[in-house]
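Below, subunit A partners subunit B and then partners subunit C, in two separate complexes.
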Partner chain A sequence: MTAAGGVGRKPAADGADRPFRTFARRYAQSASAMIGLVVFVAILLLAFGSSWIAPQNPYDLRQVDLLDNLLEPGSTSFSGMTYWLGTDRQGRDMLSAILYGLRISLIVGGLSGILALIVGTVVGLVAAYVGGRTDAAIMRVVDLQLSIPAILVALILLVVLGTGVEKIIFALVVVQWAYFARTVRGVALAENSREYMDAARVLRLGHARILFGHLLPNCMPTLIVIATVQVASSISLEATLSFLGLGLPPTQPSLGLLIANGFAFMMSGKYWISVFPGIALLVTIVSINMIGDRLRDILNPRLQR
Partner chain B sequence: MRSLLGWTVAIAMAVGAPALAQAQSVLTIGVRSEASSMDPHWTQLSGDKQVEQHIFERLVDLDHNSQPIPGLATAWRNTDPQTWVIELRRNVRWHDGEAFDADDVIFSLDRLAAGVAGAPASPAFALAKGGKKWTKVDSHIVRITTDGPYPHMAEDLAFVGMIPEHKARGVTASVDFNNGRATVGTGPYRFVEYRPGDRIVLERFDGYWGTKPEWDRVVFRPITQDASRLAALLNGDVDIIDYPPTPDIPRLRSDRRVGISEIASDRLIQIQFGYRDIEPFVFDKNGQPLAINPFRDVRVRKALSLAINREAIKDRIMGGSSIPTRNIVPPGFFGFNDTLRADPFDADQARRLLQQAGFGDGFKVTLHGPNNRYINDQPIVEAIAQMWTRIGIQTDVVTMPRNVFFTDVIRGDPSTVPGVDIPKFSVWLTGWGTVAGEATYTVTGLLESYNAATGTGNGNWGRYSNPRIDVLAFRARQELDPQVRLRFLQEATKIGMDDYALIPLHFQVNQWAHRANLKHQPRVNERTMAYDVSRVR
Partner chain C sequence: MSAFILRRLLQSLFVVFVMTLLVFFGVNVIGNPVYVFASPDCNQACVNGIIRSLGLDRPVWEQYVYFMNGAVRGQLGNSFTFGVPAMQLILERLPATLELAFASLVLAILVGLPLGMWAGMRPDALSSRAIMTVSTLGFSVPTFWIGLILILFFSVHLGWLPAVGRGDTVSVLGIEVSFLTLDGLSHLIMPAFTLALFNTSLVIRLARAGMREVLYADFVKFARSKGLSPSRILFVHVLKNIMIPIVTVMGMEFGGTVAFAVVTESIFSWPGAGKMLIDAIEVLDRPLIVAYLMLVVVMFVVINLVVDILYSLLDPRIRFSGAAR
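And then the complex of A and B:
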């Protein structure tokens, strides 16, 4: 990767004109990254178009029929509808349930990733910029947070708060902001001693302007990379929590809950109830990680020699 | 080579022979619910009782159909309507060798009446309620007097484990029963160790007065995940499991390594309603709280019952193993009413009834339920939500682990209704086992008006109240003539069911899966007892 990055690197003046183009060209140099991107875009379209694409609205209980339950993939219902991926214990069409479940998983993962990014970034920037005791205090809190397993914190929070989409997002933000805070502080500390920061301070610009106008943009490359990774990890964390029965309501299953429901049938050979949602989850997370890997290769200065 | 082989054989024999001679017979039981305490006066949860009752015995025992049989008492009889004389079994010894006598009985009943610190109130400890006196007549006769006729004395005595006065004096908390200090009983097995979350180990008591136990050791292992518990049986980690997952039953029946034992349960799965003026989880179509409680209208309750396809639940969710019903005790129990048949599925009539009640446009409810207490509890709740939504009552589902659910149902929400225990929910799925083996317990528990002082209505969490049922239940409790009592109980049941005080769904079928070389005689009350399991010879 290092060699490829070196070959593809153009003189700075050229790239400065059209930064996005350069970026896109460099991204496209990796076939696996392109596959990841295409798959992820397809998943996004499927998930957010699920209301139109899915043969059934699995959350509308009038459309779900218990008498159609546990049908094998490819079976046909009385009303003539084909269940391409079979049905679950309640008679939900698995294909529709997966599409709707993907949407919930992506919304929960995306929203909590973005919120954690905002919280963590602000905290990290402030710590690096202010320094001294504030920095020490904030970083000790971050250390404490990082030393406790995320799943444990999330479980405790959900037991206390109860279940629901907004609570799960809250729990995921609580367990993830610290990763952002720690990384951003590290990058910001390095940037803080650069000449452009000295220049900004000499010009007596306001703190907010220095923080968000000068320091933040220069931390962005790193942030984008962690954000992708963290979105993938919050999707899988949400799936884990739902699998443990602490996620979303059973009538609106996310991917994790679908897998958990199917788990009870694994021993009786009804593989489709958990295997297909499992594949959907796997493909989603792998595609996000492929994108994240490539972004890291491009944006990480240390790999750009 | 030969000498090496010879040595190997010699060593194998030397090591193996004593091992064979000492080989213990161990029965390992994989259970879904872990016992929460070894204290016999703590709760009446099946998961607790099935372990603790190997160690501690009752004066009256229950047979496989939950009918009373002699235990530590050999006979009990009325000398007059308010006096019971109980004769104790002689030559019974505690596990530490001390003799069992009337002092232990008086001590045990006193401790039950005083209550165990921190114990959740159990409806089954009816003897602990006031108005009863117990006295020692001689070393093996006890007299109990009551403030009125008390026909179900034997059934109530079957709930009270006998503990040794010489070990348990001064033990008010349960901890000494869990660490083994006071865990000394008269039962066929003695306590060895209790490792929460891992295992409970019992050992044969050779001085047992009754049939000698078959197993040297009994190990209870909690395995809460259904699929994992079944896997543990199939790969030989455990010898028998309770609640084999229903989707697997058809396959297990044709598996020659496995045997299935089953019996109709006394546990009624039902829907209960909240009867407050305004219910917190009932809304109009737009999600605004309704100003009236539609569940107070019997037509609404009936419509909700008719909307449920019990046969579909039986076939599609329960793997064929449930008994749809409109009774509150199972067939064969005293008080069963043969004239009541399970409601047929009739969505059209349900819609008409809703129309007549003025709810033709439907409304919105949240149906609550536990997700790890009853067989397929969450799938049943989801299926009912489907069926109710079809007749226009948009139903959301919230399920939760048993401990959270029952705290919210039984203790309720003190912040909204200070001092009164009323459930947080408006309509919920729950279960009720007629552990006493006859219907007085269940009519009083489920249909009679709630009264904290007398203990009636202790399973009537929605606070249904019907004076006609109250009168019949009261008279049934006082009536010594079984024929008259039966009539009272059957009539009270009919009134309650015609009024849809609750919606009965089905009785569970208790199932166990065990190794094919074992034999298991199942119990109506769901408990897995080591002395019900024997080797096929």
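And then the complex of A and C:
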């Protein structure tokens, strides 16, 4: 689903291929990276299997009992169900709500990361390959975009667009594409002067083939690393925006919205509604970063940040 | 030199122009503020009256011209909810935001600098690696949740620190500040710390990188061979040199910190401009939203402009690479 997961599992899938086997072996040398990978895969399974794993569907009103609202973690309902992480104001099981919320957070973070990667990569490759005025113009736009903080751009866009899954994904792509474009351009410029690129040009291959068949694969290591980091940060940004009530609508509660809902009850000591979704968010982001750190060590690209 | 400044100035004006277009048209396309003001028993005549009084019956471009006309004179219309000039409201709230942002930058340097220097001196020590892990987390972990946990622990559980508001303020040169009273300081510490998390991580990184570089510089070797005490070398010669990039980056981060204060202010109900923005978005108070966004955008553009010009004064290479474009 997310770039990080795809990358992490790739070595196993292509085990017969030598480079990937070497890659997998090097990845496995780091204990913390393996923990990160295991935790992240577990989170993916839990989130995307939430319809089957979760004790209840928290958004199916027939399964939710309003009388069970604001129960402490470990309480038992009349129907004999145990709420391991407590319930919220509507009597929803927090564990189920977190699993469903996790799925939305991962979809939004992953999709926006991948879309930003595609847009940024194409723009960055074209800028580096064409050069000249096109390059200068594109890079001015990139510089401009990067000079304004992500949260402000996202705020403006969401105020303008309103809430919704597709809107927040759009906002996150707008915020992130420039990172990819700048990094890809930097790598591509260096690759562009290598001999294999000259060879490709001498062979009179088409521009598209040179760009995507020759230049792009050699930029991949760098791309994979920033994509991992960006997915984590876009999950975090989405949570922040949803917490402010600007991201996802209440009908599609991500982890950020769950935390926001619980905030009102925190002052009266009902900590579980905010704390547990937050821990889920934290574990997700940290596990992605652990994977990203190891990928960076192995692939060792020239990172800007 | 003047050509460079002129070109940057024109670019900045262009950015501001594009942002006014985006913000104004964007904000004016969504929602209908009439329904916020019309009471349920309001008939058509009453609705029309509201529309006229808010200027909503004019074409959008005419509203924009009217808006820009006012904007250059610092008037961005009256707030729908408060009925007073939006800019005045934002400016009233701005000192609180600036105080919070400034306090968080100071805190980031006070905490981040020693930690980063330590990690730079002993890069392989366990403590240094712990520091670097924490700084990685500071970049990626959603800080608003850390703010909630702080409230839960220090306000709800221990009851040591207040979770809401600014506390007692003192007037200094006509501006209300919190940090000079004990009560204000106790209100300031948690929001400032939450807002500082990202910048602290940044300072740790910069300080560590600076230490690694400066410790092997010739002037440090020279100072050592001259027989200066290690503490003097560290706190006078080394510190001075690693502070340069840190102060620069913190200056550039100031605008971002003000923008991110929106989140922190919402959590701690800090009565600043950011909290006002979120409240305004909830009731679609357009002039207020536009005024806030314009102010922050202009602030940004000005900071970037000043940084660029200062840089080009200090480092002529930037000027010439700019000319090549």
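Throughout what follows, the second predicted complex is superposed on the first by the 282 of 305 C-alpha atoms of A that agree within 3 Å, B and C clash if a C-alpha of one lies under 4 Å from a C-alpha of the other, contacts with A are read in each partner's own complex, and residues count from 1 in each chain.
The rule is short, and it goes like this: a residue touches a chain if its C-beta (ideal position, glycine included) is under 8 Å from a C-beta of that chain, and two chains touch if they have at least 3 such contacts.
The structure displayed is predicted, hence computed values, not measured ones.
Enquirer: Should the superposition on subunit A be reported as showing a clash between subunit B and subunit C, or a fit?
Expert: clash
Enquirer: So, does A:250 touch the first partner subunit B, the second partner subunit C, both, or neither?
Expert: Only subunit B; A:250 stays clear of subunit C.
Enquirer: So, A:263: does it touch subunit B (first), subunit C (second), both, or neither?
Expert: both
Enquirer: For A:141, decide between first (touching subunit B), second (touching subunit C), both and neither.
Expert: neither
Enquirer: Does the superposition put A:152 against subunit B (first), subunit C (second), both, or neither?
Expert: Second partner only, subunit C.
Enquirer: For subunit A, which side has the bigger count of touched residues, subunit B or subunit C?
Expert: Comparing touch counts on subunit A for subunit B and subunit C gives C.
Enquirer: Could you tell me if A:286 is touching subunit B, subunit C, both of them or neither one (first, second, both, neither)?
Expert: second
Enquirer: Running through the overlay: 115-123, 169-177 or 277-285 are the candidate stretches of subunit C; which one clashes with subunit B?
Expert: 277-285
Enquirer: Both subunit B and subunit C contact which residues of subunit A?
Expert: 245, 263, 266-267, 269
Enquirer: Show me the residue ranges of subunit A that touch subunit B in the complex, using the header's touch definition.
Expert: That would be residues 61-62, 64-67, 69-70, 89-91, 163, 245, 249-251, 263-270 of subunit A.
Enquirer: Can you list the subunit A residues touching subunit C in their complex?
Expert: Per the stated touch rule, the residues are 136, 140, 144, 147-149, 151-152, 155-157, 159-162, 229, 232-233, 236, 239-240, 243-246, 256, 259, 263, 266-267, 269, 271, 274-275, 278, 281-282, 285-286, 289, 293.
Enquirer: Within the complex, which stretch of subunit B touches subunit A?
Expert: Residues 226-227, 230-231, 245, 247-248, 250-251, 309, 312-313, 316-317, 371-372, 378-379, 381-383, 385-387, 389-390, 394-401.
Enquirer: Which positions of subunit C touch subunit A when the two form their complex?
Expert: Residues of subunit C touching subunit A: 15, 22-23, 26-27, 29-31, 136-137, 139-142, 144-145, 148-149, 151-152, 155-156, 163, 255-256, 259-260, 262-263, 266-267, 277-278, 281-282, 289, 293, 296-297, 300, 304, 325.
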